[in-house]
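These notes open a run of structures that come right after.
Below are two complexes that have subunit A in common, paired first with subunit B and then with subunit C.
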Partner chain A sequence: MKKTKLLPYLLLLPSMIYLLLFFAYPMLESFQLAFRREGQFLNLRVEPQDEAAVVGTLALQTDVTVLERQRLEETLPNGRTRPFYWFRVEGLDTAGTTIEGWASQANLFIESRTESTTARVVGGESAREWTLDYVNRMLNDYRFGSALGTTILLVVLILPLQFILAIIMALVLQAQIRGSSLFLYIFAIPLGISDLASGIIWYSIFTQRGFLNSFLVGTGVLESPYIFIRVGNESWMIAAIVLAEVWRATSIVMVIVVSGLQALPRDYIEAGQVFGANLWQRLRYIILPLLKPSLQVALILRTILALQVFAVVVAIAGRDVLSVLAYETYRWYDPQRFNSPNMAAVYAGFIMLLSLGVSLFYLRAVRSEEEAAKLL
Partner chain B sequence: MTEATVRSEVGSPAPMTQAVQAARRRAKMRHTLRRASVYAVAIAIALWILVPIWLIFTMAFSTPQDVRSFPKPFYPSPFSTDTIEFFLNTEGVLRSTLNSFIVAIIALLLSTAIAMPAGYAIARFVFRGRDTIRLGILSVRAFPVVVLAVPLAVVFIRLGMFDQTYSLALMHTALTLPTTILVIASVFMGLPYEFEEAAQVFGCTRLQAFWRVVLPLAVPGIAAAAVLTFVLSWNEVFAAILLTITNRTLPAQILYNLDKSGDPYKFAGGFFMLVPSLIFIFFIRRYLFSMWGQLNK
Partner chain C sequence: MKKLSILVIALLALALGTVVSAQDDVTVTLASTQFNVVEETEKAREILADFEGGTIDFVPFEEGPLIDLLRAEGQSGAGTIDVIGSIHGTFPTLVNDDVLFDLTDLLASIEEEYDVSDDFVELGRMGTTDYQYYIPWMQATYIMAANNEALEYLPEGADVNALTWEQLAQWGQAMQEATGEAKIGFPVAGLFHRFLEGYAFPSFTGGMVTQFRSEGAAEMLRFMRDDLWPYVNPESINYDFMNEPLLSGEVWVAFDHVARLKAAFDESPEMFVAFPAPAGPAGRGYMPVVAGLGVPFTSPNPDEAEAVIRYMLSPAVQSQVLSELGFYPVIDGVETEDLPEGVATMLDAVAATVGADDAIPSLLPIGLGARGGEINEIFRNAFNRVVINGEDIDTVLEEEAVTLQTLMDETGAACWAPDPVSEGACQVE
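Up next is the complex of A and B:
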């Protein structure tokens, strides 16, 4: 019987290893990227030797006073020798305490090796240190505020539209009209459409020589095309992005809502009908409350995805025109631009925190309401 | 039904039969009206989804001149494959399409192979930590791609795995694995355990019972999960553009060239990316709800 006890764990093992490798490990790496910096520090030694014990470390550019010097000989590859100095120096370390120890001339800037009494630390060994520099840099970046603002604005605009449309779609499918399987396929089509393709499609509609202008000019509403997408016309760009996202990503909410609806006890809804509740009342007082768990799942999923909105924005607004958090991540990472994985990791971590916060908020909000209902 | 209509029916002095007939007529009328309005809404939503697809189809199959023209045609006239041919012959497109296929196929195979035993374990066994594991898998399902892509790129560079199709496939596998495990678990949960028991009674080992009885029944559902993985990998662009430079996948290639290319390239590319997904969704549409229905629990 021991075999059957171990079996499920063995079956799960490959997945667990894979997920740890590709989720847990990158998270650790990301943390390192965001909060640790490769720095150089000068190790002060007890004796004028490279291998001697370390007394303390000095940061680069620290001014030090030279207390003592020792002249050694260094043998060059061609067999000749030349003088090589070690200095006993005194300076303030990063914690602000005065330390003294030996450092070689290779790591110090000193005007005269034989006479100067002061020097400056210019070299050392590389070491990693904790830093909040990247975080501060992100927070102070001139694009950060607008990236965060635009991302949140998009979430706030997209989600309600999506949920209203998805619930309508689900109710239409539940009405069991003839041809509903065809409608089901059509409503499900956007599930397979990528954000980039959706962005390109809506760009073809909203661009200056696009379909919307063709229609408006063709029907005589406008005399000449209106330039929807241009710098300084953010509201139309946002509108196009919202439409593209609602168009593409509502289906997934619809699928979740429909499977939620199918699991609902039919008696409840029928009872509502019998007692004369109209559609709105049934929706408000019976269907939506029962659907809450499904809606919660969809809400968390969609919010997290909307916080990462990227390709749609690039396809519609172009690069660098409208900034969102995911685009900033890419911009900082891009080897041809800023080439800073550290900054990219900070932005990514920020998106992660937002996603986590939002999920917890939703879970909390729903639970507390239920608890409140129990108390009443 | 509103209070007013109820009162008027009850309180009306007219003969009973007439009132009943009127009410019945009204009910029928209301029924037809409701049906009609449901149809109207259904058709409106269908158009909302289909019209943009039609428009990009129009662009892909018009001449490049028509694509650049204004006002634009609302249907391909004349029908022409010049634009899509121009797109396919643009440098990098065929290569990146091939890359996309390779990445998606590796991700599909790997993710299904790893997820199948796990899904089976979750569906069939009761063991300590089962709920924790399920919850863990559920929570990484919604893990942001953006968060994983940056550190993985750095790790891949360090390991010499950067800019390879297989490393992107590994990443896509990670992204789809949680969903695939849960979907496959739901497929196995849908098959009665009695089948396996019966097979075992008739002398099969547990493995044989799985191989000969359970697996053939589970194949359609597992295939649907695999198709979902394919579509997800085919569509994924953020990790793709971060993890590859010379071995770009199709979406990464198109995104990268977006600023440098004209409308014919963009629109043909947009349509071209759409096609496989349309086909695949058609094949798995039956499974969508059962998959998600199980996932929500």
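Up next is the complex of A and C:
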């Protein structure tokens, strides 16, 4: 008896460990990054040794005077010896008192290790402190508001379109008309294409010498190419992104809806037909309410993915004109740009909170309707 | 039976020989953030295949992962990488982590054979006087390229090799009037921050950081917004490399890094001319780009690593890198006669840039350490807010100058060329 009680948990254990190790732990760590500053200070020592007692601490960028130097040698595993210097330095600590002690070359910037008489503190031990500076910096960043706005606008524009299209596509497949399996293949093609690739495809359609312009100029509709994607023409950029996203990701919703449709009991629909319900009535009063659980899953999935939209936007709108939250995250993380994992963590955490909030909202909204239905 | 024993002996000898020669043949791992595009990697490997002191394993890297790997190897003490090849901007982080050998002796012995450019050697010392963190490997800069069809619209009296910003704007206007399209292009999605730091600001203000909110800077942004940008192709916001829009004819006049223009000059050398970037009231700003070679403490084969560096600075290799990969030599006396036509055209423009009377060499930011990327964002923000978002010039410069000053103060970075040398952190005037 005891064994059977434990068994389910034992079976769950491997996946729980996996989730904790590879999802929960890194997520927690990166969430911490958003609120934790790695301050640095330099401990001066009584002797030129890493473990020696601490005399006092200096802040980064403090200018110090070199009083004495000691050259040590370290033999490396590859057989080379490397000279390693310790300096006895004097400088003002944060309280304004002059202190002196030993510091290693790794923590000082010094023009010449053998001759210079001054140096600057550039490294040391880390001290962790909690801070809201990063959050404030995000909220005050001049691109934050527009990135949030664009992201939400995209969600609002893309999602309804995708769901209407996906339901129509699923019904076409379900109707078993001739060649419906061919439709399935056609609908499924974008599933195999990465978001960056689809962004590039749509960019090459809308660009100045792209397919669309070539077509319009070739057929004489336009005299010279119309530049869709440019500064001051943001609505066309948004339109191109919406088209690319709808094209790329609708079939995922369709797959979920199709599987939901197939699980529906045929009896209800047939009963509806017997009582003379037309297609619209069957859809509105039988199919859609029964599909709700599938739609809920698809809605949560798509909203979360839409909040993370990145590659399509970068491919179509460049980087500096139209920004979304996920691109801002990357912009702060990129070693060539801000190189600030802390700020990236703030943005990532913000996206996560948004997704969490939206998911909870969907779950509650749908559940309360079910409960309401029970009461009736 | 006899035959069999001969066969066995022969096989043994063969195996032994393989073992012995395998021991002789050391594999030197060269981790490079340059040439990490597949075609370039292949060419680089071909060029390095002739090395006689062993085999060079050329491993392309992205900058971030390379820094992380070196950091991890430094902490564990066990290394796999013998030589690091990267642009100057990668090295401050490595210097901060203290993971690189001092190559002063190696440089001295190389300089007995060839003269290595002094400016770059100094950059390789990273602000110290007696620690050679990297040895210059190759150099590049940014130039302009123009389609031959554009030349007839050059403003009267303008010399393409001594162009001013005003003339570039007039040129753009003439092309717009003739074709109905904006024909000038900038890589706004690419290395545009280098254009602002090394070209736009210095040629209008004579400085980079110190003059950030000067009247010259305001005048430059006004010029960009009102006079030049109307004739810049609106799709510039999406251009990463300029070679493609040049080849497609979408853009006729473009600014970019030589390596990012090279494909256009390789494919149709007869279609394009190359020339220096324009000059402003203060002179002709230009930014030399240098890549260097360093050896980490954890290198498994430090002797061979040094031999590889010596080999890579030899005239034969430097000239092959120039003709096939479009980066310019850092040593004197490299053969430049039998170059492909496109490379030769670009080389002339580089020489004209460096040798111009009014040239203002503007170095890559020095001393910002791991925060080197932030200065790029500040320059980009200033430009984007004024030219793209249409915000007020003085407000933007004032606000971004505060951010810039904070960055300078927090890193303690002293001024670098073209700004005059400073005591302590560089100050925005």
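Methods note: the second predicted complex is superposed on the first by the 272 of 376 C-alpha atoms of A that agree within 3 Å, B and C clash if a C-alpha of one lies under 4 Å from a C-alpha of the other, contacts with A are read in each partner's own complex, and residues count from 1 in each chain.
FYI, contacts are C-beta pairs under 8 Å (C-beta built on N, C-alpha and C of every residue); 3 or more make two chains touch, one makes a residue touch a chain.
Fair warning: this is a prediction, and the values are worked out from it, not measured in the lab.
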| item | value |
| --- | --- |
| In the superposition, subunit B vs subunit C on subunit A residues touched | B |
| Touching partner for A:Gly357 - first (subunit B), second (subunit C), both, neither | neither |
| Subunit B versus subunit C as contact partner of A:Ala175, first or second or both or neither | first |
| Contacts of A:Pro289 with subunit B and subunit C, given as first, second, both or neither | neither |
| First (subunit B), second (subunit C), both or neither touched by A:Pro335 | both |
| Touching partner for A:Ala345 - first (subunit B), second (subunit C), both, neither | first |
| Contacts of A:Ile189 with subunit B and subunit C, given as first, second, both or neither | first |
| Partner chain(s) touched by A:Gly318 [first = subunit B, second = subunit C, both, neither] | both |
| Partner chain in contact with A:Arg209 - subunit B first, subunit C second, else both or neither | both |
| On subunit A, the residue positions that both subunit B and subunit C contact, one per complex | 203, 207, 209, 225, 318-319, 335 |
| Footprint of subunit B on subunit A - complex, ascending | 4-5, 7-12, 14-16, 18-19, 21-23, 25-27, 29-30, 33, 165, 168-169, 172, 175, 177, 180, 183-197, 200-205, 207, 209-211, 213-215, 217-218, 225, 247, 255-256, 258-260, 262-263, 276, 278, 293-294, 297, 300-301, 304-305, 307-308, 310-311, 314-315, 318-319, 325-326, 329-330, 333, 335, 341, 344-345, 348-349, 351-352, 355, 359 |
| Subunit A residues within the subunit C interface of the complex | 61, 63, 76-80, 82, 105-106, 109-116, 120, 122-123, 142, 203, 207-209, 224-225, 227, 229-233, 316-321, 331, 334-340 |
| Residues of subunit B defined as touching subunit A within the complex | 1, 35, 38-39, 41-42, 45-46, 48-50, 52-53, 55-56, 59, 68-72, 74, 114-115, 117-118, 120-122, 124-125, 127, 130, 133, 136-137, 140, 142-155, 170-171, 173-174, 177-178, 181, 231, 234-238, 241-242, 245, 251, 254-255, 258-259, 263, 266-267, 269-271, 273-274, 276-278, 280-282, 285, 288-290, 292-293, 295-296 |
| Residue numbers on subunit C that touch subunit A, as the complex places them | 63-64, 67, 77-79, 96, 98, 101, 127-131, 180-181, 188-189, 233-235, 237-238, 248-250, 297-302, 369-374, 376-377, 380-381, 384-385, 388, 410-412, 424 |
